[in-house]
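Input: structures, listed below.
Presented sequentially are two complexes of chain A, the first with chain B as partner and the second with chain C.
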Partner chain A sequence: MEWLIQLRQIKRQWIYLSLAVLVSIPLFFKIRLPFFVGPQAKGLYEAVKDLPEDKVVLLAMDWGAATKGESMWQAQAIIEHLFKEKKPFVILGYDIQGPQLSEELAEKLAKKYGRNYGEDWFNVGFITGGLPLLLRMAKNFQATFKQDSVKRKPLSTFPVARRIKDINDIGLIIDITGSGTYGDWITIQTTYKVPLAVACTAVITPDLYPFLDSKQLIGMLSGLKGAAEYEALIKGSHRKTTLKMMMSQSMAHLLIIILIVLANIGLYIERRRRRSG
Partner chain B sequence: MRIFHPVKDPTLLTVYIVASLVGSFLVLALMHKFLSMRAKGRFITALTFLAGFFYSLEFFLPAKNGKNFLTPWVEPVGDALAVIGAFAFPLGLISLAVVHWGNIRRRREGWYFSLFLFIAMLAMALSAFLNHYAHLSLAKKIYSCLFDGLYIPLGVAMMSTLAFYIVSAAYRAFRVTNVDAILMMGAAIIVMLGQIPFGMWLTSWLPMQGIVSSLRIENVSNWFMTIVNMSVQRAIGFGLAVGGIAMALRVWFSLERGMQMGGK
Partner chain C sequence: MVEVIVTWLAALATLGIYSILYKENPIYRFFEHLFIGLGLGWTIFEVWKDVLQPKWWTPMVVEGKWYWIFAFIIGSLYYFIFSPRFAWMARLVISTLMGLSAGLVFKVTAAIYIPQIEASFRPITFHPSIARGINNLLSTIILLCVILYFLFTVSHEKQPLAGASKLGRWFIMLGLGAMFGSTVMARLSLFIDRLTFLLHDWLKVIKF
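Take a look at the complex of A and B:
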């Protein structure tokens, strides 16, 4: 029975080693487990598919290297879907790194789908100014952003940019975020009734369910699971990779559950011993 | 609508920029010299009130075809706020430089970290500027090495250590000692299992349709998130929003302690 009580005192080095080994296993060995897509990811998928021909998608890349493990896969899946469906989009972001990292993703995928910068997408880059800037953008897009961030040319140079005069030309806003930047986009959605979806890290997903319920959000991707769901829906290039990573995440979750159970078994045995002794 | 018309002549533009800087400096210097602390505080309070008043009024005033008399001013005011917001960068930079230069000058403990900070800042800034404006291939290589090769992976690595910390902290902290804790732990385990393929596999033998399908772990997890969690988050959200409005009003009217000059 003593060994059960010792379960409460596993050294953290063993825990770290277990985590590292368990997370690595699915990367080397194929583990096939069922995977089902949730309604929130389907909502975003349908919104992109049903986007009117004359509208442009606005991708707010409010993520950086720190949340790359989740946000990059989400951004990749969404950009691939937009290229597949031939939906034009504009990239901008509150984070300095997001638009730049997304541009690399877009350029890689553009080669695969034969898409061209300026005709199928353009990048405004890092934006600053918060909600006042977004309100200004909603009224006059061309006057708010003088040039793009990639070629450093006026927006009028790019056919897809010329299509956007104000918020009425935006058919869907997708905020890919690792923090609370969705608040400003919720305000824009409420004011101008533009469809909005959020692809966020798993840790802030619980905060967004009220907005899904009130239909302020038409779809949501939650962390790496959301990215894997979206890749499955669009039959994307990285669906096998994201599924493999989901298996790794499964291992980590299982380890947490097992450790918590073991620690509480040890606690329970110890308490029983104290009461009887 | 525009407050000023764009100036294309570079000489005239330079004159305007220099004149604006000199004029602003003079006005600030005169205000600093001749206004009392109380008067400065009142001036800041008035400016703060006007800035907030503009957006509130523009939103609340009745609009015809979505516009009232303040709507054309949204663009230039937005431009002005973006420019003012950009001043936060050099302000932060100067503050950082002053603190760390002080560390180096006084050889405080860990002063070499401050030296590394300056070296890293200068290396990154110089390579980025040279890459962007001079298009030097060496600058591009250095920038790529520093940004793609160092900065991004370091950011990812920092966040990756969080996984180990979370597992260890969960093991040490989550103790089921009463009924509330049992309920919370049960809900947490169900939600966690509902997110991962292993959890979905556990109940994959249940049918996809029909009333029994609601016992599938992903559906139970979804129920927890969309019903239980959603209602609680909404309640918290309402509380935060009401608190946020109260706080915003206090900031708007400069009622917060320390917002006025002299800390009153």
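Take a look at the complex of A and C:
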């Protein structure tokens, strides 16, 4: 039992190293742990599938390089689904980097599915102004965003952009976020009754469950798990990659659980010894 | 060739940042400052490209809407915060924005929380679904216990409030545990993404 007490003194560098090794194993070898698709991801998937033909999807890309490990995989899966289903969409974002990083993803996938910029999708780019800007956008989209961010041309030059006059032409809002930006979109959802889904980093997930219960959100993707679930649903190009990454995640969780349990047993033994003198 | 150089730079930057896990060192500091600098540069460029140039500069200079100069003048008043004598000018702008924000907070609070308050009133009936009935009952008990925990104007020393608020504290701790679990999951996802990049894109030792 001495080793259990000693375990609590282990240098943190060894824990990091063992974590790195364990996380790498599923990337090298085929390891299958249980994985299932939750109702939150299915909610978003169904909403995209059932989107009326005359509506456009609004993708709020409120993420940047700091949360790329989660948000990029989510954005990639959602954009691929939209291209697959031939649902038109517009990209914008509160985050400086989000719209540009998403544009790169969309360009790659557009080539694969034969979709064209301006006809199937367009990018408004980085936006500032918070909720007042979104409220203005809801009333008059064309006056709020005069030009796109890629070709820097007036919105009227793009067929898909001409379809959006106001919020009534938006059939679904998906906020892909690494921060608390969903608050503004929930305000828009409650005010104008536009279906809203959030793809967030796992840190934010517990905050969002009440919004699913109150039906303010029709779906949610939680971190990398959400991306893997969505890739599985759409049979996407990166489903194997995201699934492998999820196996790595499960291995890391197992290690953390084992270490917490062992360290607590060690602490318990140490306390008992101290008490008995 | 460019792609190879970019991948190598990204790999070196990733390793440089993760070197902090061993101990504090100058390589980590270098890459930390590099990221901050890059982020700031990117921000300045994007703010100009997507906001200032199309919404302010072009209308004012190209389209002849000269009155947009007032946006610059009013915005510049902010900087009088550094002058004790003229700080009142900065307060004009700050108080206007505070008023605007206060008005919006009412809208946001109502939009976010009223549907949730509505959703918290759940029918405790086991018909037609027993599972839903149990779920609603549990949800109501948890909600009441947690609210009771925050009821500070009444003594929590006597029963039944003592037991209920203690239970409320346990439920809060369960919630915080879920939050901690999610945080661990999020941080690990970022690490796994970087590891995938290093092994797949840089070293090319794994295939998907």
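General remarks:
By our rule, the second predicted complex is superposed on the first by the 277 of 277 C-alpha atoms of A that agree within 3 Å, B and C clash if a C-alpha of one lies under 4 Å from a C-alpha of the other, contacts with A are read in each partner's own complex, and residues count from 1 in each chain.
To be clear about the criterion, contacts are C-beta pairs under 8 Å (C-beta built on N, C-alpha and C of every residue); 3 or more make two chains touch, one makes a residue touch a chain.
The structure displayed is predicted, hence computed values, not measured ones.
By the touch criterion defined above, A:I186 lies against chain C but remains apart from chain B after alignment on the C-alpha atoms of chain A. In the superposed model, A:I174 makes contact with neither chain B nor chain C. Touch criterion met: A:N264 reaches chain B, while chain C stays clear of it. Contacts of A:S149 after superposition: chain C is touched, whereas chain B is not reached. Of the two partner chains placed by superposition, chain B and chain C are both touched by A:Y16.
Contacts of A:L255 after superposition: chain B is touched, whereas chain C is not reached. Using the contact criterion defined above for the overlaid structures, shared-chain residue A:F35 touches chain B, although it does not reach chain C. By the touch criterion defined above, A:S24 lies against chain C but remains apart from chain B after alignment on the C-alpha atoms of chain A. Once chain A of one complex is fitted onto chain A of the other, the partner contacts of A:R136 are limited to chain B, with no touch recorded for chain C. Chain A residues 16, 19, 23, 65, 67-69, 97, 128, 132, 202, 205-206, 210, 213, 222-223, 225, 249, 252-253, 256 lie at the interface with chain B in one structure and with chain C in the other. Residues 10, 12, 15-16, 19, 23, 33-36, 38-39, 64-69, 97, 101, 128-130, 132-133, 135-136, 139-140, 143-144, 202, 205-207, 209-210, 212-213, 222-223, 225, 243, 246-247, 249-250, 252-257, 259-260, 263-264, 267 of chain A are the ones that touch chain B when the two sit in their complex. Across the complex, chain A meets chain C through its residues 13, 16, 19-20, 23-24, 27-28, 65, 67-70, 72-73, 96-97, 99-100, 124-128, 131-132, 146-147, 149, 152, 183-184, 186-187, 189-191, 201-206, 210-211, 213-216, 222-225, 238, 240-241, 244-245, 248-249, 252-253, 256.
Every residue of chain B that touches chain A in the complex is listed here, in rising order: 55, 71, 74-75, 77-79, 81-82, 85-86, 151-156, 158-160, 163-164, 166-168, 170-172, 174-177, 185, 189, 192-193, 195-201, 204, 218, 222, 225-226, 229-230, 233-234, 237. Within the complex formed with chain A, the residues of chain C that make contact are 21-22, 39, 42-43, 46-47, 49-51, 54-55, 100, 104, 107-108, 110-112, 114-116, 118-119, 175, 178-179, 182-186, 188-196, 199-200, 205-206, 208.
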